């Protein structure tokens, strides 16, 4: 086994980004992701890359916009309120088809809320919290190792699709430590040439990058093109399944909730209840097939989230009455225990 | 018949707000809602009320926050990119349970997009584009009269629920003129006393208004309370139905799309196709019952939107395989014609 | 014997959550005393920022709200415009006021909003654990300037009073420091003056208070006071920067 | 005979969408000529604002992007930091630069970003149809100040160069006007200087150009030029405001 | 001796060049161009100094100066 | 003659009052209070002038001055 | 009865005002009416147009794809919209500015020297009313009188001095 | 095998470091391990705690609701967490600061004069290691040696001078 290092989730994201050759990090402090900003302020400078603590989250996302349009890999991170502020910028990136990685270490909301981990921003991430019908890829790791790995894939996916990628974790995953294998194999994607960047028109005709489409029908055409792209993203759906084959009931959960569900599954199986788990790793595009397949023999699903019911809509849209879909959630940073979930399972069965 | 006045949608919103005793308007210019800001700059000053052209959309929503917490009725308006910028502020208002009216005159996106009417911000409006699991009431009028009327109800609903209310229209509705009866009867709601406002603690103990809940479990409790409130809003669902009783197919559409659908329905009925229409007027809470009831005898639904498919998810979640749900949409400011929709109906039947 | 100095009415009798030696406590008291002395407690609405002072509503004994990070001046504008006869003030840190809130600060000042701003400059983001603020001094180490603030990367510490002084709507600007009793008494005078400007309907007033953050500076309370005297005051000179009142 | 004055390479041979007599056209030309004269066309990246100049990428013959309203300085920062040897400039209106973009402008300036800002001050929001801008003059009627800008409601016109001058990262600030040939030639000199500051890696440079908007001022092109001379220049005095280069 | 050319189809008829020319060599045409403007026109005088003032002020850069 | 009181349970032991007192009448206790701080304590000297310097600097406003 | 018309021309030709007068008059005659302005894709310059629907029933979409009638005050508008007119529809052109064939033989084309007539009246800006008068005469959907009253109402106190010349233009157009 | 422990005390008592050493050592012995820090609801002051799970299998939730063991370095922590311990679980208290009854007779309680012993070693800040040593001795899940090595690794070059006293404290705790 390769040498493992004990690492915080937030830091693993930073180190993964650095490994993925992220050239520029722009951030503004906010709990619970401050250690990432702090880490990057040191590491990026040491590596002679770009670190800026921007004046605001809005400036940060627009700096990412600027860096990305030169072809450089760039990222920003924040937590829920700060991510809300970035929505216009993310919409612009989507409109301009600019790659970039945006980390949301979710906390409790609405408003200032609290600094516990939470999953209240699923809708915002998966449905484009900004204006105008765009989508971002959304990745939801559930371990520190996976954070380290997925952020590397995130940069590839961003470049592959010329689209912003959101990594959605929460305060608990961001703050927890686990061993990480820094040499872990990570999927590499075939990437198209960056033949659209702005870096001075020395060897070519001048280019422009913009999201304004004023000619009649031009924006509609552009949006249909984006739509096709979003559909193509289904190639890169990621999903973990555990014990679905013999399950009487399948839990569906992402991120930290999936971790709790894994404990609950172990606990339930000890008690003889056959519980399975589907863990969407890409939240957009959403793993339809895995869930559909499970409905062939599983007739009960329990969606567990740290919110009032968001991903459950995606699950219901897929299952479309092929099975019963139940929901168990707690908002505002309340983290369910495995016992609560097992109780809920018992109640349903 | 009362005297009718020819009026632009945007202006009707302003005059309705004034009639509803809106004390303060805060806005920042953006097409296609500029005539409202301009109108208010004159009318509010004439009436000795408050008008500020703020330095940004963010400032505007936070000024609404400030005015609202004193108990004054306050509003802001913008269009898609500007509304994205307000998401943090709206989340704060929801967290603090502050009333207020936010008008989004949607345009084509993502990014700068174009200035045509569009409906790309349905998700953002109905699912809380900001962070943290909150909801706003969302009203979607489809005529100038209804804009005038509904904005008055919006202020009542905001006060009734202590919650921000979003009015979702688009560039076409905002710019079009129709006759308006300024004395039209508008539903009045029973409103609770404003016993929570900050206006100086002369006659009572000092109060605070905030969205921070740091004590363990406090935010969760607060969010459950909000959740109950969101459920209670179902009392005030509004929906228009036309010809559903004998329909072979029912169109579901809101706002400007509903207008086009009305034309399409007329056209189709002339051709002998029995088309009905369900027009959600409240987009959140969504008119579940009306749609469910229709599924008892209608087995085909066509959802029409000026986007790539957003409200259709709400329709599908309700219908849940009780009928076929089809979708017809055009993004980026493309407005379908009645002929297109009739063609689509024919294709489906 | 008579009690001559004690917590006055506008300050609640609770324990404030600030670290030992933190400047916020003294400044809270100065604001509260000012309000009591001017007899305006019952018509004052305060606005707490997002920053270490976010809980100020637990400490002050009058109406207080909490604004989104950086937006207190906009919230104050909303309140004051609909209730022009109330006293409205914001209490903001350096991150809140001149990083994320730069636009709101400048435009409320420029509009000459008849509000008072208490600006707590501690050269650091206190609440989030000690990151660089716009006022962080050159060479100062913070969690996001681990090698010391380098002007080539992060620019220069902003002198807020000087920055605002060119704006037409600004009536009164003064910089004070809560280092020792003498300076604290001066700070109180400035704060009182700023509220008086508002009561006289003369427009925007701001008092910048140099304040210590022993925790994030990694100093003990006494060293922190010395840090203000030796490092901050030379860069942020004390005194009235503008007075049109 | 030799052609001595004509569209140089950095300006495309297309019709610009500006109204007759609009100042933007001249300023576009000055920027383009500067770039050609400095021989930097192939390494320049321009940033168009949201404002009447949003289509600048259709007019300039080099790489151009368009930023969200008010964010060009942040976008420029992102570009310049990863490509420090390219020439990066923003072109912004008064609404873009000092209303919604206030924070981005001030902080890019304060960080001393080695970029050039061409700031087109026409005292109005041109693109959206003539609303008040932060620079709108007192008494000036716009669609949102139908009774003329009243400083009690809307504050004072902001003098951007003066506002920025106290910031440490700012190297060069000059205000010019594109009124007549003489002033236009001066404006060109200032713009060239500003780019030279960047080429010399000396930090942030900004040229404020007083420019006409006949359409939204409701004046004909000639009257508009007179308006600049009679009303704008007295309030926004021409000349170098800061030069550390 | 110098002269200028004006691209009449691209001229927007703002008239600023007329004011700028110290020799009063430019006048506005009565005809419309395709865009619906009255374009400026150079009255081919011998007096043109090639000073370029007209070029400097033209917002649409439709004047060329020859010397 | 004057004196001060210090609310020991609310004192955070920052020591600023000790520095502020021109008469050196305040010292830090060795004991902990419930919060885990060493609180300041007034050495009931006759010298207290009631100058209030200690009160002015106390961040937690736990000192009262009597005169 | 439902009548859909597009009015189009240069920005300065008073297109929106024409449409407003028409819509206002329709309202006064208790019809359902919608008016939808469009400034085209361009923000500055270019042609402006507005779409008016008048009906005895409720009106669905305010957007007119296949108009019953077109009033084209300039050439680009005529070029752009003529082919959209419904069969047997109506094309009114300002023949002072619009020349050339319509290319359609299934519609009725009315040529009005609107600008010239207006100039004759002393103000070429009232060309719009000349054309509107001509339109009303053709479609007979509203009373001329109502339009005159609407003109008065819409010009209001401030522009009272313009009422007469506008009404004159309207009537001249109607009389043609 | 799965062992879940909560370590709690005042902010300055080196709680997080204790947890990190434990987690690191568990990793070195090829166990699955999670470490989850919590600063409580308060931002400033108050007690800090961290939750460590060590297991031979994959670990689900890193949050420990019902710990096998608690190490409480101060009174508030003991008060808060003791009742959460599983039946037959372990409570280690720093008896220099924690006095009074646990109120539980279904657990094993070990009292360690951690602060006092640390003071004896010359630095009361190593009380945490004394307690950790004692914990390891009780649960026997990791080798003392591994912990010593982890201490060395984690203190690194910069704090090399502190290695000895920390190891000494750890061993003293273990030996008790």
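Letters A, B, C, D, E, F, G and H mark the chains in the order given here, with residues in each chain numbered from 1 onward.
As a convention for this text, a residue touches a chain if its C-beta (ideal position, glycine included) is under 8 Å from a C-beta of that chain, and two chains touch if they have at least 3 such contacts.
Owing to the predicted nature of the structure, the values given are computational and were not obtained by experimental measurement.
Visitor: Please name the chain that ends up farthest from chain A once chain centres are defined by their CA atoms averaged.
Guide: Most distant chain from chain A: E.
Visitor: If you tally the C-beta contacts for C-F and for A-D, which one comes out higher?
Guide: Looking at contacts between chains, A-D has the larger number.
Visitor: Would you mind pulling out the distance in Å between where the CA atoms of chain F average out and where those of chain H do?
Guide: Going by mean C-alpha positions, chain F sits 37 Å from chain H.
Visitor: Where the CA atoms of chain D average out and where those of chain F average out, how many Å apart are those spots?
Guide: For chain D versus chain F, the centre distance works out to 59 Å.
Visitor: Just how far, in Å, is the C-alpha centre of chain C from the one of chain B?
Guide: The answer is 39 Å.
Visitor: For chain H, what residues touch not just one other chain but two or more?
Guide: Within chain H, residues 41-43, 45 contact more than one other chain.
Visitor: Got the chain B residues that touch at least 2 other chains?
Guide: 52, 55-56, 58, 81, 88, 92, 96, 111-112, 114-115, 210-212, 214, 218
Visitor: Hunt down the residues of chain E that sit against at least two other chains at once, touch-wise.
Guide: none
Visitor: Quick one: which bits of chain A touch chain B in the complex? Just the residue numbers, please.
Guide: Within the complex, chain A touches chain B at residues 58, 80-81, 83-85, 87-88, 91-96, 106, 108-116, 118, 120-121, 123-124, 127-134, 210-214, 217-224, 226-227, 307-308, 310, 313, 316-317, 320-322, 330-334.
Visitor: Would you pull the chain C residues touching chain D in the complex into a rising list?
Guide: 99-103, 106-107, 110-112, 134, 151-159, 162-163, 165-169
Visitor: In the complex, go through chain D and note every residue touching chain E.
Guide: Counting only chain D, the residues touching chain E are 1-7, 11, 15-16, 18-26, 28-29, 180-181, 184-185, 214, 220-222, 225.
Visitor: For a test of understanding, state which residues of chain A touch chain H in their complex under the given definition.
Guide: Listed in rising order, the residues are 1, 4, 6, 114-115, 172, 175-179, 256, 259-266, 335, 337-339.
Visitor: Please give the residue numbers of chain D that touch chain A in the complex, ascending.
Guide: Going by the criterion above, the answer is residues 41-45, 47-48, 54-55, 57-58, 60-68, 71, 74-83, 86, 103-104, 106-107, 111.
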